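First subunit A sits with subunit B, and in the next complex the same chain sits with subunit C.
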Partner chain A sequence: MLDLLQSASDGVLYGATYALIGIGFTLVFGVMHKINMAYGAASVGGAYLGLMVLKLGAGLPVPLVFFGSFLAGGLLGWMVYLACFHFIPLSSPLATLMSTVGMLLLIDEVIVHTTDGMPQNYPALFDDVMLRFGEFTLRGDLLLVFLVSVACMAGLLALLYRTRLGLATRAVSQQAIAAQLCGIRLAQVNVTTFVITGLLGGIAGAMIGAAVGTLSPLLTTPLTVKGLIVTVIGGLGSVPGAIVAGLLVGGFENVIQLYRGVTERDLYVMLLLFAFLVFRPGGLFAPAGGRN
Partner chain B sequence: MPALLEVADLVTAYGKIEALKGVTLEVAEGGITCLLGPNGAGKTTLMYSIAGILKPRRGSIRLRGEELGGCAPHEAVSRGIALVPENRLVFPSMSVIDNLEAGAYRRQGGRTGRGEIDADLQRMFGRFPRLKERSAQLAGTLSGGEQQMLAVARALMSRPKLLLMDEPSLGLAPLVVEEIFRIVSELHRDGTTVFLVEQNAHMALKVAQHFYLMEQGRVSFSGDPGSLAEDEVIRRAYLGSAK
Partner chain C sequence: MKKIALAIALAFAAGAASTAQAQEKSIRISGFGAKSGVVRSFGINGEAAMLAAADQINKAGGVKLADGSKARIVVDYYDDRCTAEEGISVIRRIAGTDSLVAVGPTCSNVAEPLFGILQKKVDDKGDSGLQMPVFTDVAIKVGLARISEWAFRNVPNEMTMYSSVFYWLRGKHPQAKTVYGGVEEDFAHSRATWHVVMKDRATANNYTLLGESKWLLNDTNFATQVREMKKANADVVAISAHPFTTCGVLKEMQRQGVKPKVLIGLTSSSSMETMQGCAKQAEGMIIPTSYAPVNKEAKAASDATAKFKGSADLHSMAAWENMFILKSVMEDMKISGAKAEVQADRRKIRDGLAKLRTTPGLLGVNSRTEDREADKPYLFVQAKGGQWVVIHNPL
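Moving on to the complex of A and B:
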């Protein structure tokens, strides 16, 4: 029983990174009704760039690596928008899917070539800290991952619900024509959404690096798949849904790992996705359609 | 009265199909002008072209003599055009008050102070008491009539010179339609210029001073309410056969 609780809580803490990635997919989908397949790779790319900053300036304080990843993620988000969306006809549903899959492969290749395919050690913070409650423990590094992710989500929600930019973003994702009639510029909202999701992705990538202890190009594909699963389970376009689903998937996979081992883990995550697609295809928080 | 809006020889196309085939009409300042026409005549296309959502292929749209044709929707809003779109298109998962805030989007964060926008919000709540009661409710949960009022109030939040309304009575119960038209004539009394698309000619006859009829992308009739009621074809198609 304690093992179960321990795995679930470790998984939920790590799941905060899935939630961040899910938010990134879901926000872009909400605003543009497009899937940005390059998002997971760009997030890992942001983490790599943050790590490079740390290596170039030896002696810099380690937390700076997170800030570097944050900024690099935003920059990559903007570049992904320019390369994969800005010049591509948005009316064609397949065009941006192909361009972002291309970008996913490109980012992967760039990472492999610049690091000779070798995993890079990532500085872990607070990995020597351990909160103990009897037999039950909370790992300091996972706790940091969780708290930073939650702080980012809180920041995002404040942005969405308390600012003019957030108002515009919500308006565009709910009714794009009416948003334009209110004088909101679609292109502007689109590009800022990419930068903001990129910033979140950079943080998520950095957190994953910190929790795993290494960065490797092998992270991108599972992260993309998990992010998409979280997005679907949460409900496409729903930010609260992505948060809940991210924590849920994180906890679920860790519990499965405890009982069935790491080799079977993702199989059950896929089954969970399948169950949702069959029994609740709109996800946990299907956005309200409104009466029309 | 001088014309606030002049549309001349406007052509708007979807690919190869021309939905507007050279539309020319005027909207008098301070008046209510009504555009009638069957489904598929191009009425909504005309509204979207004026509001900048669709790019016209040819022709001109002038507001007080200034060319608007081809400008982006946000520029049209800044120049003083607001459209209450067909089917209302409220933001369903946003509160009533956020919907209204979105209507004032271009006035926010700029020179207009917060106080002015808040004052306008209060004026809207004065005009539409139902919206005040439901200000925290999500717009998607409102009834059709309430959503229509929200859409009108949202458009007014931009302080437009010209209010375009695309079939505000569509799908609403007769009593609610009466209320919508009462609001239209109130707005008119307060000095707002209204360009109204309607299928309900009976109601429109009570408020509008000038009528256009559009068929297959062209204006086929222009006249005052008297000449509209006398026109044999229109009477049969829009007012029923009874005289």
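Moving on to the complex of A and C:
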């Protein structure tokens, strides 16, 4: 029983990293009804750029790595928007999808060529903190990731529901043409969404780097896959859904790994995804449809 | 008029002679391996070692051909991206050029199917497989060269190396009696090394196997696996994984306070990648390797490779050795180097490689086995202060 509880809690806490990535996917989808396949890679790219800050400025305090990742993530988000959405007709869903797939591969290869694929040591926060309750333990660094993702969700919800920018974003999300008729500048809302999700991606990349302790190009593909699964299970466009689904997927895969082994783990995660697609295609928290 | 004709003829003759001198002979050796993706460093280092070795051979006069003339070695290098389909495509492309021999690949999951498309047995007219000698420098999974008589390898024998490691540990740490394994289950080399080599060699040396934890190459969370490891409380933990997940597991072991008496790693992890990813956590890890800069030749090879922007490790230095072995084979077998006789020369190189019983190596003499594999001298290195330090020379 303790093993089950421990595996589930480890997974749920680690699932916070999936949730952070899922939030980015879902926000872009919510606003533009597009999938940004490069989001996971850009998040890892942000973490790499943050690490570069530390390497270039020897002696700088470690938290600057995280701040650097945050800013770099925003910059990459803007670049992804420019390269994959701004100059490509949005009426063609396949064009933007393929351009972001291309961007994913490009970012991946840039990382590989810059680092020769070598794993890079990444500073961890509260890595040595382990909360112990008898045999049961909780990792301090994962608790931090969990709290950060909850804070990000709260911040995003505040931004969406308490600011003019959020109002504009929601308006574009519900009815882009009507929003334009009301004077909302569509391009500005779109690029702002990408920068915000990019900043969030930078945090996600930094938190994942800190949780794993190492950065590697090997991170991009699994994060992209997990991010997409979380987005679908949580409900396309739902920020709270992405959080809950991230934690759910993290816990589920760890429990499956405990009982069925690592080689069957991803099989069951995919089955979970199919089950949602068949029985609850709107996901856990499908947002109410807009007036079209 | 006759004088003018003679002058023209002389001018032509002189021109022809100088052209012949300018068109110096060359023979092509093609390297191939991963130059993109997460194992890119293997390809970079392998290519650098091949270029450095070719440079040294060319400066010393090149390769002596059957007619007594000399030819310089030209090296080209192809990226197989560590995928089987790309590797097969690359070897077919190489076979379509005037390249006499291929050196590669990096990954065992490429080598295995790639050797499968080579002709199984020489002179088998019913087998239309490729007739191209392949001399592997990196792909290390046990027993692959037996797939085709055109396949040769100069990779260390992990069976011998890990047998020696566990034997040595018995004397060095007599109190250590139990072993627990951690394996990267979806990578051909690491999987085979744990399941076929390490487990077998540990039990053969009277260690009790307490269990194993598995993870995948792309995994990032190792909490469950390390918890299993902690429960087993083994004296020796053997990790058969590549640097990224090795580092992930070592960091999780540190978090959960798992401190075995002895930590053993996979041959391929005795590189700077591990040091770059987790030097602190890898401290004390012991790995057998077929290369360390312990003598003049090994240091010189390392320096020469560095000039071509590569670093020396057990894999890249195998590529270095391969170049010198091939030079010697080409001279012994009296290849013509003529473009019209590429296939005949390839066959001569194959036969020459098959005849070898020993080859010179950077750490000493390498033995060649009947099934076209190598048995190379090796050392044990240990991670100390961010470096790999030689701790034992069993030979």
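Some notes on this structure:
The rule we apply is simple: the second predicted complex is superposed on the first by the 289 of 292 C-alpha atoms of A that agree within 3 Å, B and C clash if a C-alpha of one lies under 4 Å from a C-alpha of the other, contacts with A are read in each partner's own complex, and residues count from 1 in each chain.
Please note the rule applied: contacts are C-beta pairs under 8 Å (C-beta built on N, C-alpha and C of every residue); 3 or more make two chains touch, one makes a residue touch a chain.
Predicted model only: the values in this text are computed from it and were never measured.
Using the contact criterion defined above for the overlaid structures, shared-chain residue A:I196 touches neither subunit B nor subunit C, since it reaches no partner. When the shared chain is aligned, subunit B comes close enough to touch A:Q180, but subunit C does not. After overlaying the two complexes on the shared chain, residue contacts for A:A72 are found with neither subunit B nor subunit C. By the touch criterion stated above, A:L167 is placed in contact with subunit B alone, subunit C being left untouched.
By the touch criterion defined above, A:A242 lies against neither subunit B nor subunit C after alignment on the C-alpha atoms of chain A. In the superposition on chain A, contact is made by A:L258 with subunit C only, not with subunit B. Residue by residue along subunit A, subunit B and subunit C are tallied for touches, and C comes out ahead. Subunit A has no residue lying at the interface with subunit B in one structure and with subunit C in the other. Residue ranges on subunit B touching subunit A, taken from their complex, read 51-53, 72-74, 77-78, 82-83, 85, 87-94, 98, 101-103, 105-106, 108-109, 138-144, 147, 154-155, 158. Those residues of subunit C that touch subunit A in the shared complex are 36-41, 44, 185-186, 214-221, 223-225, 227, 243-244, 247-248, 251, 255-256, 272-273, 276-279. The part of subunit A that touches subunit C in the complex is made up of residues 3, 6-7, 10-11, 14, 17, 109, 112-113, 116-121, 124, 127-128, 130, 137, 139, 208, 211-214, 216-219, 221-222, 254, 257-258, 261-263.
Of all residues in subunit A, only 164, 167-168, 170-171, 174-175, 177-185, 287-292 touch subunit B in the complex they form.
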